[in-house]
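Below are two complexes that have chain A in common, paired first with chain B and then with chain C.
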Partner chain A sequence: MRVQLIGFGNIGQGLARVLLEKEKYLEKRHGLKLRVVSISDISGTVVDEEGVDLKRALEVVEREKKIIGYPGEEMSGLEAIKTVDAEVVIEVTPSNIKTGEPGLSHMLAAMKRGKHVVTSNKGPLALEFKKLKETAEKKGVAFRFEASVGGAMPLVNLATEMLSGDEIYAIEGILNGTTNYILSRMTKEESPLELVLREAQELGIAETDPSYDIDGVDTASKLVILANAIMGVDASYRDVKIQGIRKITPEAIKLAKEDGYVIKLVGEVKNSHLEVAPRLVPVNHPLNVDGVLNVALLRADIAGDITIVGKGAGARETNSAILSDVISIWKNGACL
Partner chain B sequence: MRVQLIGFGNIGQGLARVLLEKEKYLEKRHGLKLRVVSISDISGTVVDEEGVDLKRALEVVEREKKIIGYPGEEMSGLEAIKTVDAEVVIEVTPSNIKTGEPGLSHMLAAMKRGKHVVTSNKGPLALEFKKLKETAEKKGVAFRFEASVGGAMPLVNLATEMLSGDEIYAIEGILNGTTNYILSRMTKEESPLELVLREAQELGIAETDPSYDIDGVDTASKLVILANAIMGVDASYRDVKIQGIRKITPEAIKLAKEDGYVIKLVGEVKNSHLEVAPRLVPVNHPLNVDGVLNVALLRADIAGDITIVGKGAGARETNSAILSDVISIWKNGACL
Partner chain C sequence: MKISLDVVLKDIPGQLVKALEPISSYGGNIISIVHLREEVTGGRVPVHVTFEVEPPRLEKILRELEDRDIWVSKVGEVRKKEKLKVLLIGHIVDTDARDTIDRINDIKGAMVADLALAMPHPEKESSARMDIEVSGDDVAEKVIERLEEIAREKNLIVIKSLSKNSSGI
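Presenting the complex of A and B:
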């Protein structure tokens, strides 16, 4: 199966590493021989119909900070999608919650050319889920995005495929590892947000501009994807009521603690209402997970409550989800 | 799709109720029209090629405590499997960990006749997993058993289908709700086992003969199924080192508590070694779940640790897993 990789930052490089490591396993276990026929980043595209040398590509990007500079071509990702033959496009460019670009154009272009799409890119899905879903259906291609929510947690596929007899009537989750790390440390140390945030930035857990995380933007994007994909709600990012964690004080956390609660940034969808806000969670509640972990609680009408906990981010962990989506396409393709 | 229901106790009746409730949903969402063409219990079999009237069957069993007595026939479940036309056999007779019967014969007979098998019956799988798996493969039929472990938790399918790029190198879990309920209450109240057990028996949470639960037999059966199905270990129930919770005292629990631990009955498989034993679990560890909940921690080589928590039992909840397995067969059948 030929795949194109669009985006060669953390996630894309992580995928290259995982593919090198898992080459034999994929062939032995699933009969799947993956060939990455092109890799694009903002600088250009490397194309090799026999399969790009992933080890060499990783060396080049390590040295040059871009993929071109090694037998490359001045070709954009969009151009590569339009001209290079492949069955699957893996879209892992940086997420943009304002325009969804360039991911949105990449995905639509791939679908229109009959290519399956696998992505970790939240922005386009949080803005244009319905359009993407409908385009994929019209073109008869797969559209899979497990990696866009909860990193390594197989949340979307769990709900849609493993709980296929159930209706999910509500979802609650801690979907952002950075804020969860900050709140966990504030709880343990009774320190103010600014202090913990600064240390998280030094550790590389928080970004230099932390607003994406601590103002709830990231959580809201993921919540929109879950609501659309799992509950069939037709919602966009603009529909989410959002409150971040900037106003949480050590005093509030201390008071909560004395009553047996912790404060968590929770995203919830219920009755088509989407909300992100700090919430009091009982200490022994399944949603009370520590550190950078993510958690989601699915309320299912037959199964009852199902909680899943896992690593919400990480260049390696996220690729578990991408790989599983690719394998699923391969397996379904075998019976098309 | 025509299904035969073998076993009409708690789980079987629960399935009939869920099917009545979900009839429209299954057709609308999955295009699946299920027809239960026979229902067998120890007293005989009701057959109707147009579909057994499930509402009436439930009324009869409620009144007569057996399925026959309403236009039934003196036909055993095994005979029904051999003679009635159907695509799927749902085997939900009582589990027997010594012989695996009658479930084992039912499943093998169904497979040999080219019928797919869905089951919640642990015994046959804990004793003869390999034989069942190989027979299913030889006959080209599906063999699905999500309901046999962890009730509503979609654990087996999660690991084998959603984490398909990962290798699971260890599994730890609390797989028996009764012992977990007893230990949780002993922890909360510092009461001795005998007292809590007696109350659990009165509440119907523990059986009159509690050894199946508290001596670890049930946990061990489930662990064997997970090891075989998820990790490809060729193990049988006899290979598990088992220690139950009879010797746990309120004093031991109190000491653990003072150090920030709880005592849980944990099943673990690692390096082909299967063991069930009471273990110290840190209070804030994902395995520390309360009451009748079940939990499993999968250690995956790419995704990292994934924890899933859900209801481990219940006539309704378990049927979430059975239904999801049936839907999966239906969907795969569409492309055979």
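Presenting the complex of A and C:
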């Protein structure tokens, strides 16, 4: 099966590594031989019908930070989608919550050309889920995005495939590892947010511009994807009521703690209402997970409550989800 | 919802089962049954039953009891006082904490029962934990709405508890 990789940063490179590691396993266990026929980043694209040498690609970006040194050509990712033959496009460019670009154009172009799409990119889904889903259906291609929410946690596929007889009537979750790390440290040490944030930035857990995480933008994007994909709610990012954690004080955390509670940034979908806000969570509640872990609680009408906990990010962990989406496309026999 | 039901049964065998069957067959969950034997009058025994049931099913249960000739002397919802817990962050005292409390107490069925305040420094934002007694989910919802309105006005932050029946424990 031929795949194209659009974006070759943390996740793209992580996928290349996992594919190298899992080459034999994929063939033996699933009869799947993957050929990466193109890799694009902002500098250009390398195309090889016989399969790009992933080891060399990794070495090149390690050295030169750009794939074009492979050597590749000055072809954009969009051009590559339009001109290179492949069955699957893996879209892993940066997430953009204002316009959804460049991911949105990439995904739509791929679908229009009859290519299946696998992605970890939240922006386009949080803004245009319905359009993407409908385009995929119209063109008869798969649209899979397990990696976009909760990293390695099998959340979307669990709910839509394993629990397909259940109606999920509410979802609550901690969907951002960075804020969970900050709040956990604040709880343990009773220190102010600025201090913990600065340390998290030094450790590479928080970005230099932390607003995406601590203002709840990331959690809200993921919540929108879950609401659409699992609960069939036609919502977009703009519909989410959002409050971040910037104003949480050590005193508030202490008052909560004295009473047997912790403060967590929780995303909740219930009765088509989407809300991200710091919430009081009882210490013995399943949502009380610490550090960078993520957790989601699915409330199903037959199965009851189901909770999953796992790593919500990471170049390697997230690729577990991307790989499983690719394998399921392969198994559905949609292509050779 | 939780229902309190008083029935008056004939003092002959099989009557209790006859009265309870409709409750369980409509998915009601019986919590307690109390025979008020000391109140037996004219060969009839008053029995007090409490059970949980989905609101739309109650009507059906009552109709079934009537069809079975069970005399229902009293029926009503049991409203239990519940505690709502919230945190507030901001200039809570400077923006008239008394007024905040009064405006919550103004809601029928709601009362601020406890307030714990932490003020790190007079100029800095303070934090408060508030326990509010409410007589049902509808009242709880009103309280949250009112709190959010006050928070907007006074530039405070409200941290709510998780949704009530969120997972077991």
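Please note the rule applied: the second predicted complex is superposed on the first by the 333 of 336 C-alpha atoms of A that agree within 3 Å, B and C clash if a C-alpha of one lies under 4 Å from a C-alpha of the other, contacts with A are read in each partner's own complex, and residues count from 1 in each chain.
By our rule, a contact is a pair of C-beta atoms (placed from the backbone, for glycine too) under 8 Å apart; a residue touches a chain by one contact, two chains touch by 3 or more.
All values derive from a computational prediction rather than experimental measurement.
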**OP:** Return first, second, both or neither, reflecting whether A:V266 touches chain B, chain C, both chains, or no partner chain.
**Re:** second
**OP:** Pick one for A:H30: touches chain B only (first), chain C only (second), both, or neither.
**Re:** first
Original post:
So, does A:V18 touch the first partner chain B, the second partner chain C, both, or neither?
Top reply: first
**OP:** Tell me which of chain B and chain C touches more residues of chain A.
**Re:** B
**OP:** Classify the contacts of A:I171 with the two partner chains as first (chain B alone), second (chain C alone), both, or neither.
**Re:** neither
Original post:
Touch check for A:V196: first (chain B), second (chain C), both, or neither?
Top reply: neither
**OP:** Pick one for A:I39: touches chain B only (first), chain C only (second), both, or neither.
**Re:** neither
**OP:** Could you say whether A:I327 touches chain B, chain C, both of them, or neither, answering first, second, both or neither?
**Re:** first
Original post:
Looking at the overlay, what does A:P286 touch: chain B (first), chain C (second), both, or neither?
Top reply: both
Original post:
Regarding the shared-chain residue A:L163, is it in contact with chain B (first), chain C (second), both, or neither?
Top reply: first
Subject >> Intersection of the chain A residues that touch chain B with those that touch chain C >> reply: 284, 286, 305, 307
Original post:
In the complex of these two chains, what residues of chain C are touching chain A?
Top reply: 85-87, 89-90, 116, 118-120, 125-129, 157, 159-163, 166-169
Original post:
Where on chain B is chain A touching in the complex?
Top reply: 18, 22, 25-26, 29-30, 146, 152-154, 157-158, 161-167, 284, 286, 289-290, 300, 302-311, 314, 316-317, 319-321, 323-324, 326-328, 332, 335-336
Subject >> Interfacial residue positions of chain A with respect to chain C in the complex >> reply: 170, 172, 243, 247-249, 251-252, 254-256, 258-259, 261, 263, 266, 268, 270, 277-282, 284-287, 297, 299, 305, 307
